[in-house]
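Labels A, B and C are assigned to the chains in the order they are written; within every chain, residues are numbered from 1.
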Amino acid sequence: MLGLFFVSRGAILPPVPITFQTAQFEGPLDLLLQLVEKEELEISEVSLAIVADQFVQYVKEGQGKIAPEELADFLVIAAKLVYMKSKLLLPSLVDDALEEGPDLATQLRLYQQFVAASRTVNGMWESDQVSFPRERRTVRQLEPSFVPPRDLTTTAMRELMQAVITRLTPIIKLPQAAMQRVMTIQDKIASLAQKLRTHASFRFSSVLRQAKDKGERVVSFLALLELVKQRVVKVAQTDLFDDIDVAAHELDRLADLQLEFV
Amino acid sequence: MTMKISNDNIQISNKILSILFAGARPFSIRRLGELCEASTKDVEEAMRVLETQLENLPLMLQTSGNDVQLVTRPEYVDIVKQVVRDEMAGELSRPSLETLTILAYRGPLTRPELEQIRGVHSSLILRNLMLRGLVEEKEDARLGQPTYAVTFAFIQHLGLKSLEELPDYESLRGHEHVVDVLKEMEEEAEAKEKTQEASV
Amino acid sequence: MTMKISNDNIQISNKILSILFAGARPFSIRRLGELCEASTKDVEEAMRVLETQLENLPLMLQTSGNDVQLVTRPEYVDIVKQVVRDEMAGELSRPSLETLTILAYRGPLTRPELEQIRGVHSSLILRNLMLRGLVEEKEDARLGQPTYAVTFAFIQHLGLKSLEELPDYESLRGHEHVVDVLKEMEEEAEAKEKTQEASV
C-alpha cells in the first residue's frame, strides 16, 4: 500500500481497518465521498488523510472494474491523498503541482452538494410532471417541395465528411489515450531509476522542474512514492523545508519491480 | 351550483386546448370527448368557453365538419409565413449540411446510426431535411428502425449520376472510424438485447 | 401615451405568440426581435405580458438562456400524454444524472470545467447525453473550448418553466466553491496562454 511507508514513520493518524465492502462507485470523488461518509467523518484535510489508505486499496483492488479512461483520474486523486497524508507527517514536503488548484476537501464538498442536488433532480425526472412542446407534424402537411442548399459543392461535402471523421477519432482512440496516460507512470519510474543509476543521488525538485505540466508532476510524485515503497530508493531531508534528496537503496530490486498501479 | 358547472367547463376547455396544442392536428369532437372523459355536449360548451378565452390572442379554433384544430388567426398569416419560409428557404445550418453529407456518403442509415456518427440527437434536423425534399425515408428498415437517404433530386442537383461519383466516395464511406463507431453501437445493442432476454 | 405603449406591447406579444406557436420550436429573443421588428427590451417586456395572458390557459413560456419556447403546463401531462409520445422517458444512470445536474445548475460549462467538478473524465458521458438529446453544445465557446448545457427536452421532462425553478438554484449556481474552482481554472489557462505567447 502506498501510504504504509509514512504510517510506519510514526503514525499520528488512527489506523482504519479496511472493512468497507466493495460498493458501486462512479468516479474517484464518489468513492472518496463514500469512504468519508462510511467513517461518519466531516470532510476535512484530516478525514481525507484517514481514508487515504482505503482509497488506494480500493483503486488497486478495483482496477478491473474501473474503466481504463477513468483510471488516470483515480490515480490523480490517489496522489493527492497520499500527498496530503505525507504532509501531515512531513510538513516540509511541498509540491507545487499538488498544491495547485482547489484543495481536495473543497472539491469534495462541492461534489457532495451536487450529488445531493442530483437526487432531487432524479425525483423530478421520475415524477410525472412533464411539459410538451407542440408536435411539428403540421409542417409536414405542407406541399412537399425541393429546396436545395444554394452553395453546397461536392468538394465542400468531402471536407464536411472528413471533419466528421476527424471528430470521431478521439472517441475511438479515447481508451488507448487514457491507457497511455497511465503508462507514463511506468515510464516515469523508469526514468527516475535511470537517473539514479547515473547520478547515485539527486534532488527531487530537479525532476519536478523538468515536468512539462501538472499531470506529469503528479505522476513524478506518484512514481517516487512507489519507488520508496518498494525500497528501491531512500529519501532524505537534511532540514525542515529542504528539498528532498533521493538516493539509490536497492537498485537491483528494480528489475523485478511489480507495479501495482499499472 | 352554476359556479361548479362553469368550473368544470374551464377544466374541460383547458384539457381540450392542451390536446389541440400539443397534438398539432385536427381532432374530432367525439375523440376530444373520449380523451377528456366528457360528453359531446360538454365538449361543445367547452369550445365556446375556449373561443372567448382566445379572443385577445392570435390563436383560434378552426372547425371543419366534426373536426376541430387550433390555428393562428388570419391577421398573423404574414408573420407566420415568414417563420415557415425562414425554415424552408434559409441557408442550411452547418449541422444540417453535415447530416446531409453523412447520408450522402454513408446512407441509408437509421436515425440511431446517424446520431452515433454525428454524436448529436438529430430528429429535428432530419425532419427539416425531409421537408426540403433533400432526404427521404427508405422502404428497407434495419433493426426495426426506418432508414434515411438523400433524394434523387438532391443527387441530380449536385450534378451527379450517382453518389459513387462523390469525391473520395469509397475511402470516406468505408473509413475505419465510421465502421468502428457503427460496429460498437451494434455490439452494444446486441449486449442490451441479451441482458433483456436474460432478465425475462 | 402610456396607453399607446401598452397597446404596442400587446401587439408584439401576439406576434411572438403566433411565431412560437407556428414555429413549434425554441426561438432566441434576438430572432424574435428581428421577426417582430422590436428591440430585445420590448420582446422581454412582451414576454411578461404574454405570461399574464397565458395565466389561466394550459400553456406557458419555457426559457433556457436566451431561448424561449411555448409548451403545455406540467399539470396537463396525463391528458397530453394520450396524444403525444414522451420521447425522453427512461431511467438516468448515476453519472448521467450527476452530469445533467451540474450542467443544469452551472451550465453552460466547458468540458474541463465539468470535469473539475466531477473529478473524472467526462467526454463519453457528454457524448452519450448529446445522443439522447439531453445536452447540447452551445454556440459560445470559452477559453477556446465549446460549452455545454442541458436542452429544452431535459427542462421539459422536469416540467420546469426555467432552470431557475430548480431547488436551491441561486446558492448552487453561484456557490463560492464553484466560482472558485472555475476562476482558478481560468487563471491557470490565462497564465498558460501568456507563457505560450512569450515562448513564441
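Throughout what follows, a contact is a pair of C-beta atoms (placed from the backbone, for glycine too) under 8 Å apart; a residue touches a chain by one contact, two chains touch by 3 or more.
Here the structure is a predicted model, which is why all the values come from computation and not from measurement.
When the interfaces A-B and A-C are ranked by how many C-beta pairs touch across them, A-C comes first. Distances from each chain's CA mean to the overall CA mean are smallest for chain C.
Chain centres computed from CA atoms place A at the largest separation from chain C. Chain B and chain C, compared by their mean Cα positions, are separated by 21 Å. Between chain A and chain B the centroid-to-centroid distance comes to 43 Å (mean Cα coordinates, whole Å). Taking each chain's centre as the average of its CA atoms, chain A and chain C sit 31 Å apart.
Chain contacts: chain A has residues 132-136, 138-139, 171 touching two or more partner chains. Counting partner chains per residue, chain C shows two or more touched chains at residues 21, 24-25, 70, 72-73, 80, 84, 127. Only residues 132-140, 142, 144-150, 152-158, 160-165, 167-169, 171-172 of chain A touch chain B when the two sit together in their complex. Those residues of chain B lying in contact with chain A across their complex are 21-25, 84, 87-89, 91-92, 96-98, 100-102, 104-105, 117-119, 124, 127, 130-134, 151, 153-154, 157-160, 165-168, 172, 175, 177-178, 180-181. Contacts from chain C toward chain B in the complex involve residues 10, 14-15, 17-19, 21-25, 35-36, 53, 56-59, 70, 72-73, 76, 79-80, 82-84, 127, 130-133, 136-137, 151, 153. On the chain A side of its complex with chain C, the touching residues are 26-30, 69-70, 72-73, 77, 100-102, 106-107, 109-111, 113-115, 117-118, 120-122, 124-136, 138-139, 170-171, 174, 178.
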